[in-house]
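Here the chain labels run A, B, C and D in written order, and each chain numbers its own residues starting at 1.
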Amino acid sequence: MLEHATKIRVRYGETDQMGYMYYGNYAEFFEVGRVEMLRSLGLTYSGMEASGIMMPVLELHSKYLKPALYDEEITVKVFMAKMPGVKIHFKYDLYNEKQELIHVAETLLVFINMKTNRPCLPPQDFIDKLKPFFE
Amino acid sequence: MLEHATKIRVRYGETDQMGYMYYGNYAEFFEVGRVEMLRSLGLTYSGMEASGIMMPVLELHSKYLKPALYDEEITVKVFMAKMPGVKIHFKYDLYNEKQELIHVAETLLVFINMKTNRPCLPPQDFIDKLKPFFE
Amino acid sequence: MLEHATKIRVRYGETDQMGYMYYGNYAEFFEVGRVEMLRSLGLTYSGMEASGIMMPVLELHSKYLKPALYDEEITVKVFMAKMPGVKIHFKYDLYNEKQELIHVAETLLVFINMKTNRPCLPPQDFIDKLKPFFE
Amino acid sequence: MLEHATKIRVRYGETDQMGYMYYGNYAEFFEVGRVEMLRSLGLTYSGMEASGIMMPVLELHSKYLKPALYDEEITVKVFMAKMPGVKIHFKYDLYNEKQELIHVAETLLVFINMKTNRPCLPPQDFIDKLKPFFE
């Protein structure tokens, strides 16, 4: 089980006239959360793309428990519960500054070989870095 | 059962460097789809807010079957399967220009009285306009 | 002198908690406006990219005269005052539903050969389609 | 003369299919830069709105010198050259990780009393905090 937390502050441009963070903008918070989880292991998503593998999203499931408000520093906790194969699953718990759980989400992504445009296994260094957490 | 279709063209700013529409930008397509469904009935979301009721999103579930590409005119089909109470459920099927189903999604929203900040029933004109479709 | 008008409705996700369209979101309106101007001539920006030429923006100048509000259908008038060379200049006048001028802007873009990553002249069909307007 | 620097990493969702940060997304970087400049003085924009004053943007001028690329940590330097009156002017210099100047911009904003919807002077604590820098 892998776990990582990143703090992201809600920008004015991410709010809507309801005074909440717009419901479509959470997806970027998840993206930043999982990219920072990978970076904490010494992996970068940009490096993966440079090596010819990209990771499009297949599924997104989101529950909006409380609004994220302008200028709040949101804690994005990311969880990887099992070793990825051709697909990789992330869970997210978002907390506001009062430590209230405001959002839970899951995403499923797939590794795609950019030359063949077909699903593939993650790069070897990716596997090597993740393996110790799932043994 | 209510059904409505809206066409929305993918903007350049909505793509990402993968050459796909970014996965967070579908949420705006759903928003436009449901707002245009309501408009087709003579209802506007801006009018609802002006009357003191807003509709934040509680849940979002998305499956990305094929990418939406730059400049494609996407058909957003929206479905309302049952008469809303304090909550309202929408389903979405997205088609590209080749009429391929590229995305399916569901959202659950809630009517909120902006004065009390509590869930409430939809406004009466909303109920009157929708009722004939669910009898 | 070339002139073209496109109507774009302000999405909820484009507003901010001030109740205005967020100031960064006008750039997409200009993009849609100039792309639709080109389409009206039988040219597509996607076709230009497919032929190996892209058009990044070099300069943007915007004056916000009145806010664009949620659900308003904004008229984006686009003007091309002279035949493009390696650079292309567009002006924009935006009007709200009351026909009030709410925004004026200008952008300067450059044609880039994607192989050499160097500025270049526009493709021949582009020149052919535009020439009649500047003679 | 006031000066402040903030680092912001380019998100995947902020890129476009050119592989550059989309030209409309710089506006959020300026927003974050000026908000963090104010925070460094003990002022928050959310506090200002809570006190009944908002700061819409009147003008934006941007020059795109080099692209901002995915995952780069951009340094946003913000400059305030003179004491604000009813209007406030900011300049921005953006640098990439190689310390190359990639973007220069300016924005003009106005203080608006949210009750009267008229321009107004900044709040007193705002004036008090800024004054020492312009004497």
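One rule holds in what follows: a contact is a pair of C-beta atoms (placed from the backbone, for glycine too) under 8 Å apart; a residue touches a chain by one contact, two chains touch by 3 or more.
Nothing here was measured: the structure is a model prediction, and the numbers come from that model.
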{"item": "Comparison of A-B and A-C (more C-beta pairs in contact)", "value": "A-B"}
{"item": "Centroid distance [mean C-alpha coordinates] between chain C and chain B, Å", "value": "27"}
{"item": "Cα-centroid distance, chain A relative to chain C, in whole angstrom", "value": "33"}
{"item": "Distance from chain B to chain A - Cα centre to Cα centre, in angstrom", "value": "24"}
{"item": "Touching two or more other chains - residue numbers and ranges from chain B", "value": "12-13, 17-18, 22-25, 27-28, 31, 70"}
{"item": "Category of the chain touch graph - line, ring, star, complete, other", "value": "complete"}
{"item": "Partner chain A, residues of chain D touching it in the complex", "value": "9, 11-14, 27-28, 31-32, 35, 44-46, 70-71"}
{"item": "Footprint of chain B on chain D - complex, ascending", "value": "12-13, 15-19, 22-25, 70"}
{"item": "Sites on chain A touched by chain B in the complex", "value": "17-18, 20, 22-28, 31, 49, 54, 56-64, 67"}
